[in-house]
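Both complexes below contain subunit A, partnered by subunit B and then by subunit C.
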Partner chain A sequence: MNAPGAPIGLSLPRLEAGEKAIGTALYTGDMVLPGMLHGAIVQSPHAHARILGYDTSKALAVPGVRAVITGDDIEFRYMGLVVKDETAIAKGKVRYIGEPVAAVAAIDAETARRAAQLIEIRYQPLPAVTTIEEALHDGAPMLHEDFAKYAKIYDAPVGRGNLLAHSIATQGDPAKGFAMADVVVEETYTIAAQYHAYMEPCAALAAFDPSGKVTVWSSTQSIFRTQANLHECLGLPMTKIRCIAPRVGGGFGGKSEATVEPIAVLLAKKGRAPVRLVLSRNQDMTAMRTRHPGWIRLKTGATKDGRLVARDCELWFDGGAYADDSPAVMNFALYFVRGPYEIPNVHCEGYAVYTNRMRAGAFRGFGNPQMTFATESQMDALAAKLRLDPIELRIKNALPNGARWFGGQAVTESTLVEALETARTRAGWDKPMPPAPPGKRRGRGVAAMAHSSAFLSTGAIVRLQNDGTIAVQVGAVDIGQGSDTALSQMAASAFQLPVEQINLATPDTDSAPYNSGTNASRVTFMVGKAVGEAAFKARDQIIEHAAAMLGVKRDEVSLAPGGRVVVTGGSRHNAEVSFADVAARSIWAVGGPVIGSSAVMASHAMDQGHTKMSGWLSFEAVGIYTFGAQIVEVEIDEVTGAVEVTRAVCVHDVGRAINPCATVGQIEGGFAQGMGYGLCEEMVFEDGRLANPSFMDYKIPSALEVPKTIECVLIEKPEASHPFGARGIGEPPLVGAAAAIANAVADAIGKPLTRLPLTPERVLRALLAQ
Partner chain B sequence: MTETRFHAPERLEDAISLLSADEDARPLAGGQTLVAMLNADLLSPSQIISLHRIKALQGIERRADGSLRIGAMTTHAVLARSGDLRGAHRLLGEAAGRIGHEAIRNRGTIGGAVAHADPSADYPPVLVALEAVIEAVGPKGKRVIPAAEFFQGFLTTALNLGEIVSAIILPPSPAEACTHYEKFARVEGDFATLSVAVALWGGGVRIALGSVGPVPVRSAEAEAKLFAGQLSDGAIKEASAKLVAASDPIDDVRGSADYRRLLIPRLVKQAIRTAQAKDAR
Partner chain C sequence: MSERVAVDLKVNGTTHRVSVPAMRTLMAVLRDDLGLTGTKNACDQGVCGSCTVLIDGAPARACLALAVALPGIAITTVEGLAQGDTLSPVQQAFLDAGAIQCGFCMPGMIIQATALLAENKRPSEDDIRHSISGNLCRCSGYTKVIEAISLAASRLTP
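This part shows the complex of A and B:
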């Protein structure tokens, strides 16, 4: 698997650390092309309105303006992952406040911005529905009159107004299960919209070449999803669309699908020049995406000895004005309705609803953080009612190895019990906490979690270069999490080379094999797997060449560190050739260039006999299940209700840490973002208008809020299906964080809070209500 | 197309004449609000008049009567660390140290912050509590305005067209005064959900609240009750009731008006007790 000395398990510095530290890293917004124009957008002031017409004359009269585009410049062509319901720019109607409705290209950004303000758009305001409840009223205005006609990849609830998706699943016999229960707990959990808060706002640069092919550099999590969306909404064949990702400043799910690329392409076409469009923070916060807000009603039955016997769940997600990933996110949330536990009887129904609000989409955890907040809060409520230790209750019900996941797939390796026990020991769970200082209350809480890694397909091409170094082509974008380094380490390991001898190509749809995206905790797992498989194929070819060159049999040579193939044993013992020698033979004499390629896809059948599901997207490609546990200590200020997280212990099964430092970084960052979700982050919408569209009013935790040390413990049980033993860790650290914090707060004040975020005001009111 | 012109005069008179000739011109002090507003497209001034080269706006000076004249271009970072702030004046340094983050404090100035008059900013309640005087310079010359009259409403001050804040003058303070600036915010660096500025000395109690109304809230009755009741729990309770009555908070993303009213007695008590504890040290 991994040869000694190869760079797996080493905390090598990020390959791009230097350029990021000194500021020379090239992001989309830093790129300049000759003759490049600057774009600016106009956003809808209405939550719902018909567009009656445009007057662009004043904007076009501004010196320096080269193009104005509106809905009149496009046809009704739709893009979308699961429902094709979105045009390149608003056409016919606007459906949320902030929706891009026109755009300008001009010789500089200032001129473009000023000209954008001069575009006059005539609207006929329509009644808006800005909450789930309003959207479902009889006679509520429809956002998408053509919903029935849209292309969809799931069984959608056509003819039910603004209902976008409705999914049902049943396992076992829930009625019988509840009849067996000695105790039943039921609660409704309310969750808020969170902003992705990536450091780099959405940005794209589009340039047509003389042949009519457009190249798009953008801040994206997926060059291939960008290409697909551009193809769908603009009608260009993929032969005429090339997508490239330069450095990307974060994504967290918000850049999984198209952002501003379609607008940049339209402007570049009409302006006959390259156009760069970079959103301001305010525009990004009002035009792009949120985590799904909504509510979850959850009911659980258990026997008096603490065995979970039945669960019932009803989940409602506000999807906003366009479907984006909503049906998938809602389904994924339901997929975790049991948490990481064995519950034999389950019924759940989930709904996603169109509303006149900015779309909700993929966001680190993909519905699981919402569900885990509900399920793990409920586990503590149950533990309290049963007078059982919360960790004991969790261990008692932990899904064992070989058990079936909700939906019927087999779980090959469950490390939940190990994670819980490790966290318990590390946090000193069985010992009392030191007493709280005067005016404070102290609490401790746990959350267990599971998540998947894999989802969808990918490929890799690995080539031996003339000088004996290795070129790796993948379509995966490093969005700041460090996958370029991890993939290079894996490739280097396969060839026993130092990482400096690996050239990981910039993601480019013109040269990379397909990859679905940097999401679903999948790059290290899936792309790493593809790199490994392709590298091993190339390595086999190198060995074959070397054996022929050395005049020995294949099994008489082996790879040696530093790009050599050495004879082991026999009369030619220690004779060797270099990778460069092999490359020369392959390209000048025999066999042709050394190229290994691979195509991988996770596929595990669902089982309708185990869980009966309707209205669901397929989860056959969901991949492997990964477990973890977090314990959090909090201090609550009795004067204000403010919650301080004083300690966090995060135990996660990572299979094998390819780069332990980067792995720990993922866990720390995930926990911090989960802390924001739990304590302070909430996009406040008032009649569809975002009340806090800036970092002045929307607050994420800073270094001053997170605990000084987030104690990360890695469980390393190499994953059998991965060539280097890795599992994904991008999302798991966030998934349970809010739940662990909520349980710690409940412990401190003696009462659970069921609404996120746990603002000081909500906590103080709960304290005073006692 | 309008263009924004930039000037950086060395003489105060030149800045004033540029500003008074054009109501769309804006003075630039530390830029911590102005530049953010420009970036957010909330403001498009015709001219930006930078004040950073004007010597008359700089420096901290202790005057013969014991009062302190703080030049408008003095940064929050300088005030947070200044040894010139003694007695009740320390309240100003405490508040300066709680503004935004270090990078903001290194650029932001007291004159800019005071002229902006954000009701949730940190200086206004302190200046009202200390009975500071705002020195303004305009086309008609120099005048002084008591802080309580200077802050007139949300982002609204007593400044006239072409006038800028040139200095903040803190009246003499008893050396034995003890102070506390209690700021409660969602996270470090945020604007206050509620702030309480307290100064105590043998002959007096001063207390003012920020972020619970369009201007800082101070109540003579509240201070009288605190003084008469010798800062007992009962006196604090009564005084807090007066302050709640004088406040006019709004609902916003930092907290509801009700929550702010709920916090007033709790944080007033905490601020007073903390100030006293500092005195005991």
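This part shows the complex of A and C:
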């Protein structure tokens, strides 16, 4: 698979690291076009209100203002991934505090901001529902009166008020299962809204060309989702929409769907000039997206020797004012209702609800961190009740190879037991921890996790360029995780070229084949697969040309490092041609340019009888399951309740690390983000208003909070279905982190806490209650 | 719109005469008037550290400083660290340690690390953690950032 100069498994610096280090990397907000205007938005002060009218005259009178847009500038056209329920900007109603309701384009950002404050909007406030419970009351005000009429791609619960999605899945006979159980534990776990906190706030730059085609550069995870959303909400044909992603300053799921692109396009059209719109942090925190808050009631039965026999789960997610990814996130959470374990009898129901809060959407883990917090907390509660070691209980119930996942897919390769054993050894689990210093308590906790990599479709085009180098076109956006480098390494490996001879094109809907997005831990896995398949097709063409040029049979030549094809054996042994020679023949003489293309989609055969389902559980597209285990040690201050994570051991199956340094970077960063989720990050809403919309009041972990050691151990068993053996690792490091920390805190204080995050206040209350 | 004021800004060794509104921040002037977009705006309130620059050698938040208050004072941005095509030792160490992911916080982080190493040749890991505790990063978990700064220190002061 590897060869000199063909760098699979090498920790190369990211291709764009140099430009990022010297400050020349261009993110959307750094780009300038001639005549460019600056945008500013006006946000709704109401959680729910009818818009009665606008007075934009004062804003338009400000010198330097070129355009003002409101809901009056658009028709009722809707966008959305699974429910088309969002207009480009609020129209008719506002449904959450912070919703963009008008916007200004002006000659500079200060003028735009000042003019935006002068737009007067008349509202008729409506009763709002800002919690799941309020949203479900009889007679509760409806957020979307037209829900029944919206286009949807799943079986939606129409006519049930603000209920947005409802799924049910049953495997085996849960009643019988619980009857067999010697021990039953039941608990309700509550989870808070987490903010993505990508360092680059959402931004877009839109410019129309003379033909009426708009080009949109934006901070996005998907150029094709951006294009689709613009098409849907603005009514422009896709022939007139070109989307490009320059450097992107993080996404973590929050930039999967449209952000401010539709508003930037509307302003550019009305202002007749390019418009750049960059949100402030406060605007981003109040207008964009969160992880789903909600609660999970979980009940598990086990025999006295520690066999899991039954589980029952009820999950409620607050989706906020627009559907966005909520139905998908809720369903995805249900995929992991058993965790990575064999449980023969399961019933689960999931619900997603509209409320008058900012929308919840995709966020690293996509519902799985919430579910894993519940399931892995419950595993420890069971272990305590059964007087079993938590790791022993997990190993005992680990899903064996070949067994069926919930839903019915066969799991070909489970590395769960290996991950748990590795973590146990590495962390010294079987040795007691040293006693805590006075005033402190120590604890240790484990979490196992599974996640998928795959989902959704993608393609690649791989071309031989005239000088013998290779161009790769994919629609995948590198949002910082390092996929440009990993994909280049994979392409380089396929051709035995150094990575410098790969030209990975900027993601551009005008030239790239479709790719759904940088989500679901799928780029290295799915796009890598597409790159491999396309590269191998192009490679075959190169070999065919070379054999003809050298006058030998196809099987008498092989690729050699550095862009050569060499005869192996026979009278012409060692005769060779270069890739450039092949390119010349292909474009000037025979066959036409060397181009390989591919189209891939995950779709797996299911045992249809395994799990009965209703709602929208598309298990067949899950792809592969990936496993991991984390052990953390904590120290708790008995006076303040503050939890310090002193050590983290993170063991993850990565298939094959294409770039080990980047892989470890994903794990370290994912754990840290999961630590924030577990300990300190909570968007606090008061009647729908975010009470902590700044980095001052919403704390993400700093260098002082992250553990001094995050020990990463990679399990590398090349994944058979991937041309380079890779598995996705974007999300798994976060998925179980909060659960491992919660279990360590429970170990330290002798009592599990069932509400995230484990703030000092909550931990202290638990300590004082003892 | 506030009155425009002329000011000589000495940025990365070059003096620029700019005429800017009195209330315009150094960050806005660097980015919008001088085109030095390496300095990033990620919170606009001095909390995240992404806009950190050196003012007279000391790290400072460009989003909290007013440009007109800094006439003739040496300002160094991330663009001013490399010598031609040669990265500064701190920049090079960030590459070598694999500390850079999305990169948005990195200009501020690199400036902060540069300031630390100018003052403290052999920082302990705790010194490094404290020094960069006001520079938020969402991608890295800081581990490789701390490694990078240690690496730069060991190269600068073997």
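Convention: the second predicted complex is superposed on the first by the 760 of 770 C-alpha atoms of A that agree within 3 Å, B and C clash if a C-alpha of one lies under 4 Å from a C-alpha of the other, contacts with A are read in each partner's own complex, and residues count from 1 in each chain.
Quick note on the criterion: a residue touches a chain if its C-beta (ideal position, glycine included) is under 8 Å from a C-beta of that chain, and two chains touch if they have at least 3 such contacts.
Nothing here was measured: the structure is a model prediction, and the numbers come from that model.
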Is A:Leu26 contacted by the first partner subunit B, the second partner subunit C, both or neither? second
Going by the contact rule set out at the top, does A:Ala548 touch subunit B (first), subunit C (second), both, or neither? neither
Partner chain in contact with A:Ser280 - subunit B first, subunit C second, else both or neither: both
Mind working out whether A:Met601 is in touch with subunit B, subunit C, both or neither, as first, second, both or neither? neither
Once the structures are superposed on A, label A:Cys661 by its partner contacts, choosing first (subunit B), second (subunit C), both or neither. second
State whether A:Leu136 touches subunit B only (first), subunit C only (second), both chains, or neither. neither
Touch check for A:Ala560: first (subunit B), second (subunit C), both, or neither? neither
Subunit B versus subunit C as contact partner of A:Ala505, first or second or both or neither: neither
Applying the touch criterion given at the start, work out whether A:Leu764 contacts subunit B, subunit C, both or neither, answering first, second, both or neither. first
Between subunit B and subunit C, more residues of subunit A are touched by C
Taking the stated contact definition, name every residue in subunit A that is touched by subunit B in one complex and by subunit C in the other, in rising order. 63, 111, 114, 280-282, 694, 696, 700-702, 704
Given the complex with subunit C, which residues does subunit A contribute to the contact? 11, 13-14, 16-18, 20-27, 29-30, 32, 63, 108-111, 114, 196-201, 247-250, 252, 278, 280-282, 479-482, 661-662, 664-665, 668-673, 694-696, 700-704, 706, 708, 710
Going by the contact rule set out above, which residues of subunit C touch subunit A in the complex? 1, 21, 24, 28, 31-32, 35-45, 47-48, 50, 77-79, 81-82, 87, 91-92, 94-96, 98, 100-107, 110, 125, 128-130, 132-146
Mind pulling up the subunit B residues that touch subunit A in the complex? 1-2, 36, 39-41, 44, 101, 184, 186-191, 193, 252-253, 255-256, 259, 262-263, 266-267, 270
Subunit B partner, complex, touching residues on subunit A are 62-64, 111, 113-114, 280-282, 639-640, 642, 680, 682, 684, 691-692, 694, 696-702, 704-705, 759-761, 764-765, 768
